[in-house]
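You will see two complexes here that share subunit A, one where it goes with subunit B and one where it goes with subunit C.
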Partner chain A sequence: MTPKPILAAFGQALAEAWAGGAGALLPLGFFAGAAVLVPLGIGTDPDTLRAVGPGILWVALALSSLVTLERIFQADTEDGTLDLWLQTEAPASAIAAAKTMAHFLTAGLPLALLSPLLSLMFLADADATLLVHAAYYAIGGLAFYFWGGVGAALSATVRRGGLLISLIALPLYVPTAIFGALAMTDAPGSQSAPLLLAASALFALAAAPFAMAAALRLAAD
Partner chain B sequence: MIRGDRVLFKDVCVVAPMRSTVTLRGSNGTGKTTLLRILAGLTRPETGAVTRNAPHHWIAHREGLKPHETPRQHLALWARAWGSEADIESILQTMSLARPADVPARHLSAGQRRRTALARLLLDKRPIWLLDEPFTALDADGRALVLSLIEDHCRQDGCVIAAIHGDAGFEATAEVVL
Partner chain C sequence: MFSWFANPSRFMNLSNWLAPACYAAGTLLIAWGLWQGLWIVPKDDYQGGDIMRVMFVHVPSAWLAMASYSAMAAMSFVWFIWRHEVADVAAKAIAPLGALWTALALATGAIWGKPTWGTWWQWDDARLMSVLFMFFLFLGYIALRAAMDTRQQAARAGAILAMVGAINVPLIHYSVDLFTSLHQDASVVTADGPKMAAVYLWPLLSSALGHSFLFAALVQTQMRTEIRERRTARIRADLMAGG
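Then we have the complex of A and B:
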């Protein structure tokens, strides 16, 4: 096995994300927009905002991850690139993982980097915990994007499959969302929550590529 | 091969030895593309098996070009993916793609896109060529170019399996009618 096709697939996915112009900014705008709307809806009571802030950001992160996932495998199916990738020497799971990772880096990681700013809007204290929380969002986002990738691969041949992706992926987001939100509270069990959050992301990294590969082979068949 | 509740084709045997050209014939919807996809390992046949004892090239209707990709970028990408050290500039020259080499695929004509896809054949030396309607969208020059590529390839111990409509323009060693 040679890593060359995998690196090439990663490079192509990165190039594709930036070639779309504002395409990479779309989830960022969605994330910020969703987070900005909430204080308008629930009022400006500082205690309430501080309490719901982290949870709102987890929900916004989960939903933003779904905004661009629809295209990552669908475009490849339509233009014939998928057929070419499936005929390279590299395993389809590695190709799928490389593409999803590239997508996470261009669409998901920026969301985590933006999160401290949005946390401040929810009146979080401006201290180092903001950065710790950003790291949690990044780890959780990784799990979201890999599970979302499974949904994207399964609906690669479905026109307007965005809704289908949500139906497939959102249930898989649950453990990550639970541990991620728990890690940001003082509730019992919050000490071990970061580890469980990381475990859920590692599990997604390990399992999702194989599910994506099987789904893509089915899409090409 | 079964599609839906219809048997697309059965009892098909394709043998392509070195230096042979096999054409797949049949009217629309008889399964030429499906048979090629089975030969490429993309589609699984209902029964039977495919043995490929050498690497293959795959050129199909969907060219595998991204809308933002230029012919040069496309060839560079697949050269990287396949670990090929071919000279991309000379391939662009051969395929008459030197002029549109830096134009994104969404602005290319259908013929130029096809030429770009066909240029992949020259990136990496692979004995088996699987071509689905290689002449689609090509002008007379392009046709002649592809014919000469196929001839050269066969002379260098390669083999070509192509689904073709109408006049093939080359002497096929064998013909499979679906």
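Then we have the complex of A and C:
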């Protein structure tokens, strides 16, 4: 087995992210837009905003992942690239993992990097915890994008599959969202939450590629 | 053992008498459990007085919510590994019924919760949340199958999703368990044997068993319909091809 097809899949997904107009800026726009709607909806009381800020960003991150994931396997299915990926000697799970990882790096990681700025808009104190929280968003985002990738692969042949992805993937996001939100509070039991958050991301990394591979073989038939 | 059940004709012969038997057993057990539960047993003021009688529907439906998802995942696994078509027919039939009983568990839980806890819905209750997410897993499964073009695609996509969901269920349950809980602790099955007074236990067990039989009967009816539909489709295709 040579790593070449895997690297090619990774490179293709990176290139796709920047193609087509705004490219990687779109997820950022969606993430920020979803978050800044909240103060308009719930009012501008500083204590309330400070309390809900981290949770709002988790929700916005989950929604952003769902919105951007729709196309990652669909385009390959439509133009036949998927058949070529499956004919290479590289395992389909590795191809799927490479594509999802590239997609996370271009569409998910920037959201985590933007999160300190949005946290300030939710009146968080400007200190080092913002960077720690950004790291949590990055780790949680990894789990979101991999489970969301399973939904994307399963609905790769479905027209207008975006809504389907949401219904499939949201229950799978639950543990990560809970651990992530818990890690940002000082509630009892929150000391171990960062480790559990990392564990849920590792679990997604380990399990999701095999489900994606099975779903992509189905899409290619 | 799976292969023995994999033959659709054998399944049709078996369910021909087993389904009516399950309907009869389910109806009788539920009727006795409800009669005992609603009229005979004394009310328990600690659990909110007369409203605790909803337990005789709530606990069996919660138990069936868990059991039906496990059954659907197991059937999906059998189909995915051995490609036994009857297993796929079973998984397809279980999904909407499982969703129905899961919704029933949520609804009766809310009805019980309002007078005892003072609220319809309790976000920091672990079991409530687990059942809610199981409901969403069922909905996703049904929607995914419906979106696929062919029966074979629907079976494969559904099996993958059911198995992915099954490996996540323990994780979901553990994560929501981290929240504090208002729910009373599990009291039917404990290490020291049942804690519940026998006067409640027997009607409850009868009701739970009855719901299980009724569920099995409805699944068999659905499966029989599905198998007949597939046979009809094949006959029609043969007629079209042969003229």
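Everything that follows uses one rule, which is that the second predicted complex is superposed on the first by the 221 of 221 C-alpha atoms of A that agree within 3 Å, B and C clash if a C-alpha of one lies under 4 Å from a C-alpha of the other, contacts with A are read in each partner's own complex, and residues count from 1 in each chain.
Note that in this section a residue touches a chain if its C-beta (ideal position, glycine included) is under 8 Å from a C-beta of that chain, and two chains touch if they have at least 3 such contacts.
Bear in mind the structure is a predicted one, so any value in this text is a computation, not a measurement.
Touch criterion not met for A:Met101: it reaches neither subunit B nor subunit C. In the superposition on chain A, contact of A:Thr2 is made with subunit B only, not with subunit C. In the superposed model, A:Val150 makes contact with subunit C only, not with subunit B. With both structures placed on the common chain, the touch criterion links A:Gly80 to subunit B but leaves subunit C unconnected.
Within the superposed three-chain model, A:Ala138 lies out of touch with both subunit B and subunit C [touch as defined at top]. Residues 221 of subunit A lie at the contact with subunit B in one complex and at the contact with subunit C in the other. Of all residues in subunit A, those touching subunit B in their complex are 2, 4-5, 7-9, 11-12, 15-16, 19-20, 75, 78-81, 83-84, 86-88, 220-221.
Of all residues in subunit A, those touching subunit C in their complex are 150, 154-155, 157-158, 161, 164, 167-168, 170-172, 174-175, 178-179, 182, 189, 193, 196, 200, 203, 207-208, 211, 214-215, 218, 221.
Interface residues of subunit C, counted against subunit A in their complex, comprise 129, 133-134, 136-137, 139-140, 143-144, 147-149, 153, 156-157, 160-161, 163-165, 167-168, 171-172, 174-176, 178-179. Interface residues of subunit B, counted against subunit A in their complex, comprise 37, 40-44, 56, 58, 60-69, 73, 77-78, 80-83.
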